[in-house]
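See the structures that follow.
In what comes next, subunit A is part of two complexes: it sits with subunit B in the first one and with subunit C in the second one.
For the complex of A and B:
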């Protein structure tokens, strides 16, 4: 799909019109550096009612004074996406309420994803002093003489007279290295300021120097609990671009593996959510059952957590002869265990008191913030990529999209438990019918993607995982962007947290189910 | 020479005995008196079997670390089951995952806050050398650039068995050390007195240390 370029003067108007026409889901926002043609951004939009997809692009001529009007009042999730682009490309979004860096330290020199970025160690050594908290919001606008002007109305993100506590980056309940600054009024949360980037590994920039098969290795490490799906997305995108068709057998293996991975991830979700709320037994149960999936993975792929299994054109190695038998055995076992989780945790009165009615995300907000995956479906939004844009074998199997409507922590929890059952159901339909054939088609030793823009999306374990490639016909991509599953979730957090208590933060964070390396990339 | 005994693995079956032996030789250069060294043995027996780790998992390796703690691998069998969320209560820090530029000062600070005697275990390729992200602009290539590392556990991620093996290597190290005296300290007394810990997140007017500088 090629984006339509919009002139900067008509941009705001155009975007508002699109929103009025029902383009309510900002799927992704991709910062771009087109070299001499300037910096810019590509907006991928979807109409959730009709399923129509479009892409809109904008280009700013000047490199030093690049600016784009913000759209964060139209699609709420743009607030963080635009901060990301500011961080990576130095494009300033006019009238954005909070133009700070999102990932890098605020004393970082340069904008790393620009093509002219200077990577030398001298500019950005490892700074050992603590970062001073910059929490001043800086809105900009365009002044008469076409220069960016900082608006006078600087405000502190968090006011000095509120009681401020800091959670993370090293905190067991943030599920990784996320950092929150909370402004409290008694026990109630007034404001939240989220700091990302503690595990920002620069994967997108690295990819621009690596060949396609090399990049594959990095996708597993993004969200390690959707390792198969992430890699599936990238392989699919590349296969589409170079025009190869994978065999039927590959499709079966990939689909089964994706679903096993989803169960694995949801079991880990169950364990961690339970542990965060103080239920150690459930944690042990979840891990006990998860090990059984890891055994299957290990036998077929050689890896437990990070499997490096999908490759361009197929999979790394064929399944083992007793794969089907093992998987069936596992499915039977797992079905019996779900009752056990419900007995010990889900139906526990403490669990219910801490989850029911807590941390409500409405359907409108879920769409506006682009919260896909289980968290979106708990708010009543049918956002499953497997249904919206079927890939692999998902249009051939019969499965229900699990939807709940309250949008609270309890529903978000139940969605995942039910999805385990659905995934088992999908696997059972496929496992006996795996066709004979090759598990991998031959590809050229050096893979070059023809010039153009390509994208693909899969349903990861916690939402829509997208890949966007802009190629100039080289061995490595000109630009590669991953759509993080978790960033929209944490963008929505300040909405969900309004008026919640500090203790609820733990339940909300646990049930939103984000993985930080996927947010930070 | 004192040879540390681990219940489940005989001494000869460990892969790297040379490093340990050179460490013992170095520690034994000046002999301590018999009474204290007997006491040392007793204390070290206790210490090595109850190593409390700080939960410091930044990415993928951290999930494997959790798996080691859970049902199948169960590191409680060896006395590692207590994980602490506060550096003040931890004996060792298991650096499991990639350390980025932004995280580096945080890691250093946590390490500084731990009480002696303290140990560092670098888990996985990322913590050892930057691993798959070595060429990245935002990744620290090895935690040993900022804090001293006692045990390296290679892998991406290391298997749970590898983690247990690594922890046993640490147990052996603990067993040969002298608890009394300054010899094993990571920070010398002088260093502790000299190096001020600069607290940055308070207003400058209140920050004595910074004002003195």
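For the complex of A and C:
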């Protein structure tokens, strides 16, 4: 799909019109460096009512002083996306209320994803002193529209005289290295400021120098609990671009593996959510059962967490002869265990008191913040990519999209429990019918993608995972962008946290189910 | 039943024979203190081992298995490790209070421990306001926790300490009301007399409905007093890393750790003393032969059996339930437990006045 380029003067007006026409979901926002043609951004939009997809692009020719009007008052998620683009490309978004770097330190020199970025170590040595927190945020305000002024006032400023605590980067409840700066009033949270980037590896920048098969190895390291789905998305995108059709057998294997991965992820979610609420026994139960999936993964792919299984044109190795038998045995086992989780944890009165009505995310906010996956579906938004844009075998199997309507922590929890059942249901439909055939199509030794822009999306374990490739016909991409599943979730955090207590933050964080390496790509 | 006071009287007599009575008293004090502290530590070690094994059983694991047979020496190894670890001092902390806090906690817990009747004639402190003393001694432990949080110069510790203060002071009340219920029923505050009064039936049977209600409230409030799940907010590890003892290391942390376990033992011990008869065997009036058989089991075993049963129940709860939120903890106490407890006290008084207890 090629984007339509909009002139910078008409841009705001055009975007507002699109929003009015029902383009309410900003799927992705991709910063671009087109070399001499200037810097810019591509906006992937979707109409959640009709399913219509469009891409809009904007380009500004000045490289040193690139300005684009913000859209973060139209689609809330753009707030963090635009900060990311500012960080990596140096494009300033006018009227953005909080134009700080998102991932890198305040004192970082240069914008790394630009093509003319100077990588020399002299510019950015390893700094031994702490980063000074930028409490005073600088909204880029041209002071014209009252609405935008209002937005700037709501800025999430944290002052030194408040009781500030850091949840993270090293904290048992952030499930990784994410840092929340909280301003507290007693136990209540007044403000939250999110600091990302502690585990950013620059995968998108690395990809621009690697060949396509090499890039595949990096996808598993994004959201390590959606390793299969991530890789599936990239393989699908590349296969689409070079025009190979994978065999039926591959499709079966990929679908089954995706669903096993989803169960694996949801079991980990369940365990960690229970542990964050203090129920350590449930944590162990979840891990006990997850181990069985990991054993299956290990036998088939050789890896437990990072499997490296999908390759361009198929999968790395054929499934083992007793794969079907083991998976069927596991499905039977797991179905019985779900009742156990419900008995010991879900139906516990304290669990319900801690989760029901806590951290409500409304449907409008879920769409505006682009919170896909279980968190979006708990708010009543049917956002499952498997239904919206079916891929692999998902249009051939019968499964329900789990939707709850309250959008609180409890619903987010229940969605995942029910999705485990649905995933088992999908696997059971496929496992007996895996057709014979090749598990891999022969591809050229060096893969070059023809010039153009390609994108693909899959339903990862915690939302929509998208891949965008802009190719110039080389063996490595000109620009590769992964749509993170977790970034929209933490973008919505300050909205969800209204009036919450410290303990609620933990419950909300646990049920939003973000994985940090996916936020920090 | 074997009366331990024969042994203690004999030792007393022997000491008085060979030295002046003042010196004998001094030696006895030292001996008793030594025994009490030794017992305290030994029970702590048993409790830690028990907790590990019980929790492992609930979680389909084995627990410690490598050090010694069935991991029996694991706790000793841990205690040894704790003893040789460095006690780290924190910059900008209030040094005096910071170092004092763990001792306050452990002192309060040892004092309360001394009131437990392990057997007939086998208790250290026994005077006519025993129950009153238990409540007083146990309630200054919270002071140590508050000081620990305050003096550590750590914001997480501070939140943990304030939570702990709010929680422990609140639940102190429920415990007091429950103990009062039993005092109303038995008409005495002396521990030995309380146990003696249960010779013809434990209070939980004699006091029927109000005693059972008081027992349940006591277990809930006692669990909250010991800061264990579902009331482990002061040290909620997923929220506050380790709460009030985040900054403590070595034996200073060890004191908090041991005191927490021993407080559990004490709560269970008091529950078994006041509701389940202490060292008194199970007696059913009218079944004399049954009662005689029961009497052959030593009182110490009765006491420890009941206590460890209550501990096991509390551990079961601890490893099953998720954690409450601070507002839920406080509202559970003030909106439910205190009114129910007061009403229960009223019912008990009515029962005693009308002679409706057995």
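Just so we're on the same page, the second predicted complex is superposed on the first by the 503 of 521 C-alpha atoms of A that agree within 3 Å, B and C clash if a C-alpha of one lies under 4 Å from a C-alpha of the other, contacts with A are read in each partner's own complex, and residues count from 1 in each chain.
Here is the rule we go by: a residue touches a chain if its C-beta (ideal position, glycine included) is under 8 Å from a C-beta of that chain, and two chains touch if they have at least 3 such contacts.
Quantities reported herein were computed from a predicted structural model and do not represent experimental measurements.
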After the superposition on A, what does A:171 contact: first (subunit B), second (subunit C), both or neither? both
Can A:288 be said to touch subunit B (first), subunit C (second), both, or neither? both
May I ask you to name which of subunit B and subunit C touches more residues of subunit A? B
Considering only touches as defined above, state whether A:356 meets subunit B (first), subunit C (second), both or neither. neither
Based on the superposed arrangement, let me know which partner A:382 touches: subunit B (first), subunit C (second), both, or neither? neither
When the two structures are overlaid on chain A, which partner does A:348 contact: first (subunit B), second (subunit C), both, or neither? second
Where does A:49 make contact in the superposed view: on subunit B (first), on subunit C (second), on both, or on neither? neither
Once the shared chain is lined up, is A:221 touching subunit B (first), subunit C (second), both, or neither of them? first
Applying the document's definition of touch, where does A:124 land relative to subunit B and subunit C: first, second, both, or neither? first
Should A:198 be classified as contacting the first partner (subunit B), the second (subunit C), both, or neither? first
Overlap of the subunit B and subunit C footprints on subunit A, residue-wise? 171-172, 284-285, 288
Which subunit A residues qualify as touching subunit B in the complex? 103-105, 112, 117, 119, 124, 126-133, 166, 169-172, 176-177, 197-203, 205-206, 209, 217-218, 221, 224-225, 268, 271, 283-285, 287-288, 290-291, 294, 304-306, 516-517
Which residues of subunit A touch subunit C once you look at their complex with the stated criterion? 163-165, 171-173, 184, 187, 274-281, 284-285, 288, 344-345, 348, 350-351, 353-354, 501-504, 506
Under the definition above, what is the set of subunit B residues touching subunit A in their complex? 55-60, 62-64, 66-67, 70-72, 85, 97-98, 100-106, 108-110, 132-133, 135-140, 145-146, 156-157, 159, 198, 200-201
Across the complex, what residues on subunit C touch subunit A? 55, 58-61, 155-156, 159, 163, 229-230, 232-233, 236-241, 319-328
